[in-house]
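Once you scroll down, you'll see the structures, which are given as structure tokens.
In the two assemblies presented below, subunit A is common to both, partnered first by subunit B and then by subunit C.
Moving on, here comes the complex of A and B:
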């Protein structure tokens, strides 16, 4: 195999493209943005061609690269999301403060992602992991808020440092950085395994935004540039799934901890550390769902839904049987496509109207029907409704949870699943349906190059909802190399622990049902088209479309029921206050300009010096 | 495949004829309850076909598209139902298909009605979705117990297991608490009082239905009949052991449906937050108790 088509070449190429993009953007903004499209597209094509080279090892100087099958899966997913979103960069060059830096960091983040998923050594993984964090940290303040970036970095730093601690600890015990070797060694010793599980696990939880580390998602996703939110939600967040997969399945910690399983016997047996992950996942599903229902901002709502969906992924990985991990992988795949598409449609709406506040929008379906359809397909997938790919993953996860008899976890998952109908419908109703505001009378459909990736992602969502076995076969191979059983796939049928699913059949029957409805509709008398304002208003005369648009505080009666619930945000605010106070105490004690205090510490220092070693 | 689809059409036809007739009978029974004579038993057919033949209004393409999606999704769901041993696609009648394929139809209807631009429709949909969070979660927890206990999520298999030795193997007998919860959830699904908040004709002018007339209304009425059929059949199949004879099915169905209707006529309507509070106090606790009994104690398996 030559160097031209290899993982290090992709990473180096992306870094080079990043520099090129920076220089070209200085000359011509559109040209620079075009480099992000071409760079990510070329990298995606190269990665797809590398499918035959899975398990090849290569090195670039001190950094080793190993293309594992799950690394390939994640890389392709990321590249696909980055490539799709990059089309939007062309239109955002005027809106972003530093376009050159944006294009540069965009490709650097992509290079970091590919590097992190294909690193052979932990040290490479950490370097690339930090590359992602730093690149995105500088991109986020190009959007609405600087503070969002601080929050993002604070959480990420916690995760990264936790991972660094784990890496160094394991290095001191095993004398190696090689991921495969270190994890193998760690799995032979319960203490090492526990340290690796906790440290790498925390890095994963922070990245995927699981409770109690979920606060950065709405902040960062909601305030990042509109073109970067889909990257964060569809792409980078999934790196957390990667870390969790390393800690739970690759290690494999579920075998190490098997002896201290809760409820020994029957199918319920699950190690305590895994159960803690499941619990956190369940809490994030509930919290994410409730907060998403409450959101008034289009992007924040999708961000909170990412928190809930991260919960499903973590639960799937932590249950650690083939159906659940397969479901988690499928869910990452489906949710990446769906949430990227949803954020892109939000970006398209922002591009045309300039706001993400749902109460200011409405009726855009009459001006942007395509964007509406893209959003519709995305939410059908996010809510786990057939015939979209989100249904497949939810079905697999439910099969697994029920098979294990996890009553409370399943209750949270059911709540999240039905709750998702509520929050995904909210933008549909408030942004796209309802009355068209007169100030948006002249809004046009999203431009052609923005439609291309949106349509592409929607078609993929539909394709893998109808024929999910294309992806599931590959996922099954991943599971087999990770030491789990493969999935039971038979033609178009997926078999679970207690049932079978034929998604193609479900889609076909839905198609037939729709066709019959269409025929019933066509053969009956044609309807008369009336204006949107021509509605039943109980004989009141209302001429203002905005007044006839029900969009603000949509679920008010439901929100009222939990408005006094304990809030993690307040807890973090209290923590920040305490840290600030402690800092003030330190600065007052040691760093102030009052002579007597300085003299006091000088005296102390002199005494300490005089005492010397005997102190 | 072709025979499966034809069987599906057969079930579809049966569902329409039976449920629409029963709806008429129900109107008669309710009439007698209120000391009226009540309409003829086929009144519901008359209403549907009359609506279909009228010229209505449309508020744009999503208003029509949503109606088609609603009816299409619901009809697809009916075609998967096992009825009296007939199943269009044996082994594929997974419980989750019914929950989520039904949701396609509901989403279509919600989309269409909010697409009309009437805020009352928006409020109605908000209430319907909120209520759904209420009844669906306890219901699914009970079903979790059933699926875990019998180790299958296929409806026809679940029915077959219950038919093993008469009434004693029905889930009604084996999981009485779960059955009560599921029946309360069924009232919510059917939109019967006290869970009729999302229609509430006197408050929000029939909520989602406010703008409909003509063929759109007719199609939604058909959709409503199908949705009722799905929900009641699910209950009959999951808790009353399904049925091996047509008469058995009709009898069980009749009892379940008419009882719901009678309860509806005896009670007043909850407010929407009361609905949620109620579901998340009593039924959900009972549902969890039932599921824990099945999972940990092995009762009712």
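Moving on, here comes the complex of A and C:
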């Protein structure tokens, strides 16, 4: 295998493209943004061409690269998301405070992503993982909040430094950084396996935003520049799934801890550590769903829905049978496409209207029908309704949970699915349906180059909803190399534990239903359109359309139910306050510019030192 | 190899100081010549270095005379010190006027602190450098803080002297190597007998090394200091003192387990408490000075664990990055009349090159990959794990989350305008000033590039970059040229 078309070449190429994009943006902003399109597109093409080279090993200096099948899957997914979003960069250059740095960091983050998924050694994985962190840490404050970046960094650092601890601990025990070898060695010793599971698991949980580490998602995704939110939500959080996959399946934890399983001998027997992950996943689904329903902000809402979807992925991986892990992979794929599309449609709305506040929007279906359609497809997929790919993954996960007899987890998952109808419908109705605000009479559809990735992602969502076996066959191969059974795929049919699914048939029936509804809609007499200002107000004149918007406090009665629920947000705020107070205390105690007090402390310390020596 | 360069490292700056007193007008040329000479001499010494050399002053054989030791350790020390000193002097040359004598004396004394192989001589050099530091801090125009520093510093050096006296009484020698030899042949348990002198020496050095609770002077002296005084104290002075501390720990500190625990508690406590204090601060220089205190704690803790190479890497990273960070923080403070973070939103829009330098240094400080700090951090953690130490890596990693949070807060604030909830916009940064000085820009840029290069090249060039011995690397890499 020559170097020109290889993983290290892609990584180096992306770094080089990053520098090039920086320099070109200084000359011409659009040209620089174009480099992000071309760079990510070329990298995607190269990665697709490398499919035949899975399991090849290359090195770049002391950094080794190994293209595993799951690494390829994740890389292609990420490259696809980065490539799709990069089209939006062309329109965002004027809105970003440091356009050159943005383009540079965008490609650096992409290079880091590809590097992390294809690293042969843990230390390489960590280096690229941290590179993603710092690249995005600089992009996030270009948006609406500087504090969001600090929150993002603190959480990410907690996760990645936990992983670093595990990596180095295992290095000191096994003498190697090689991922495959280290995990093999770790699986033979329960202590090592536990360290690996906890440390790498925490890195995964933080990254994917599972409770109690979910707080950074709404902060960072909600406040990042509009073009970077889809990257975070659709792309980078999926790296958490990668880490969890390493800890649970590649190691594999479900075999190592099999002896201390709960419910031994029963259908739902599962090692305790895996149960903990399942539990956290279930809590995330509930918390994410409830918080998403509560959100007033469009982007925060999708961010919380990512928390809930992260819960599904973690549950799927932790159950660790072929159907659940396959479902988790499919879900990562489906959710990446859908949430990227949803955030992109949000970005398109912002581009045309300049706001994300739902109460200022409304009726945009008349002006931006295509954006509406993209958002609609995305939320259908996120809610897990056929014929979109999100349905397939949720079906597989539900099959697996029910097959195992995990009633409570399944209940949480069903709750999340029903809840998602509530929250995804709200932006749909508030932003796209209803009455058009007079401010937005002249709004136009998103420009062509924005339409391209949005249409592309929607078509992929639909395609893999109708013919999921295209992806599932590859996922099945991944499962087989990871030591699980493959999926039972028969032509167009997927077999679960208690039934079979023919997505194409389901889609066909759906299509027929849609067609009939369409005919009824066409032949039915048209309804009269009522203008937003056309309302009875006791002979008052109305000047502010927002006041009439019906979406404000949309689910107020529902929210009152959990008004006083404990909040992790408050807990973290209190923690930060305590650290700051402790810092002030240190400062006042030891740095108060009163020599006599410091001399007092010195005498105390000397006594302590002498006393320590005589112990 | 011409060994007389070793003594000249001290003698030439000292001579420059005397000449500056005599001919005040030419002071800056003498100082410049001394700095240039020291740079060249340490370069030549490094180039010619083959094996450790003991230079006997006046030809008296040790243990009778005063000897200077040039081994890999002190070679690294003088290289680092003289380079950093020269860079700071060039960047902050506008403050040098009237302080040429003091700076020359400080340069001589700091080289002496690193090179000396004699305990009493160490005390003398420490005292001279401390006096130079007291005088330099009068530049801050706040005598109260200087006085505070003077009181604590004097108390510290008194304790150091007391400890050295006890050691002399026990072993009848002041030569470090000689004492080491005598310890080996002593009949009673050394560790028990050494508690008193070691505790005194530790305390004495801790004052200058800024360990808690002995570093009460640091905040007042550094929080308003300019880019000459502040930067010298957090990088050059700090480097020399920590190197001396490391040498003593390496050669003299025969500690009982419980004494080691107490020392470790002090150093690790410094690391934790100072990082927390830095997290709570809102002013650039205050954040940096607390970060500097914390890093000193870490370096000494690593020396106590016997991890010399790891400690040196952290020290180098800290000295270089703090030099950049503190210089720029002081400059921002001077140009804008405040170094309060809130009032400096988006200040780097005015001067992106300096901003990049600051960013690279800050990222190296928190040990992010592709910067030198990561190499240092990885080495620290690997060597701790190899020594079967698990709790210290945990502490270091948890503390680095806090450290990362305040550094990231600094970076995001300095690069981006806008209140919370508003988009960052370039137009909002108009009222700031960050003037461009050619010298400053060039040095910061080169130092930043060096930090990045030293972070990337080892990853590509060395298979054992996470586990390499900087001291033997120095001889193989430089001496073997």
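Quick note on the criterion: the second predicted complex is superposed on the first by the 563 of 615 C-alpha atoms of A that agree within 3 Å, B and C clash if a C-alpha of one lies under 4 Å from a C-alpha of the other, contacts with A are read in each partner's own complex, and residues count from 1 in each chain.
Quick note on the criterion: a residue touches a chain if its C-beta (ideal position, glycine included) is under 8 Å from a C-beta of that chain, and two chains touch if they have at least 3 such contacts.
This is a predicted model, so every value here is computed, not measured.
Chemist: Counting only touches as set out at the top, which of subunit B and subunit C does A:558 meet: first, second, both, neither?
Modeler: First partner only.
Chemist: In the superposed arrangement, which partner chain does A:483 touch: subunit B (first), subunit C (second), both, or neither?
Modeler: A:483 contacts neither subunit B nor subunit C.
Chemist: Just checking: does A:386 make contact with subunit B only, subunit C only, both, or neither of them? Give me first, second, both or neither.
Modeler: first
Chemist: In the overlay, answer first, second, both or neither for which of subunit B and subunit C A:157 touches.
Modeler: In the superposition, A:157 touches subunit C alone.
Chemist: Examine A:609 and indicate which partner it touches, taking first as subunit B and second as subunit C; both and neither are also allowed.
Modeler: After superposition on chain A, A:609 lies in contact with subunit C alone.
Chemist: According to the stated criteria, A:171 is in contact with first (subunit B), second (subunit C), both, or neither; which is it?
Modeler: Only subunit C is touched by A:171; subunit B is not.
Chemist: Per the contact definition, I'd like the list of subunit B residues that touch subunit A in the complex.
Modeler: These residues of subunit B touch subunit A: 5, 8, 52-62, 64, 67-77, 79-80, 89, 91-92, 94-97, 100-101, 103-104, 106-107, 110-111, 114-120, 122-123, 125-127, 129-130, 132-133, 136-137, 140-141, 144-145, 147-148, 151-154, 205, 210-211, 214-216, 218-219, 222, 271-273, 276-277, 284, 288, 291-292, 294-296.
Chemist: Looking at the complex, which residues from subunit A come into contact with subunit B?
Modeler: Result: residues 268, 363, 365-366, 369, 372, 376, 380, 383-386, 391, 394-395, 398-399, 401-403, 405, 407-408, 410-411, 414-415, 418-419, 421-422, 425, 428-429, 433-435, 496-502, 505-506, 509-510, 512-518, 520-521, 524-530, 532-538, 548-551, 554-555, 557-558, 560-561 of subunit A touch subunit B.
Chemist: Report the residues of subunit A in contact with subunit C in the complex, numbered from low to high.
Modeler: 60-63, 95, 97-98, 123, 126-128, 130-131, 133-134, 137-138, 140-147, 149-150, 153-154, 157-158, 161-162, 164-165, 168-169, 171-172, 579-584, 586-587, 589-595, 597-599, 601-602, 604-606, 608-615
Chemist: Give the list of subunit C residues in touch with subunit A in this complex.
Modeler: Within the complex, subunit C contacts subunit A at residues 144-145, 147-148, 151-152, 155, 159, 192, 195-196, 198-200, 202-203, 207, 212-220, 255-256, 258-259, 261-263, 266, 273-274, 276-281, 290, 345-346, 349, 363, 368-370, 374, 378, 381-382, 385-386, 388, 390, 393-394, 397-398, 400-402, 404-405, 408-409, 411-413, 415-418, 420-426, 458-463, 465-466.
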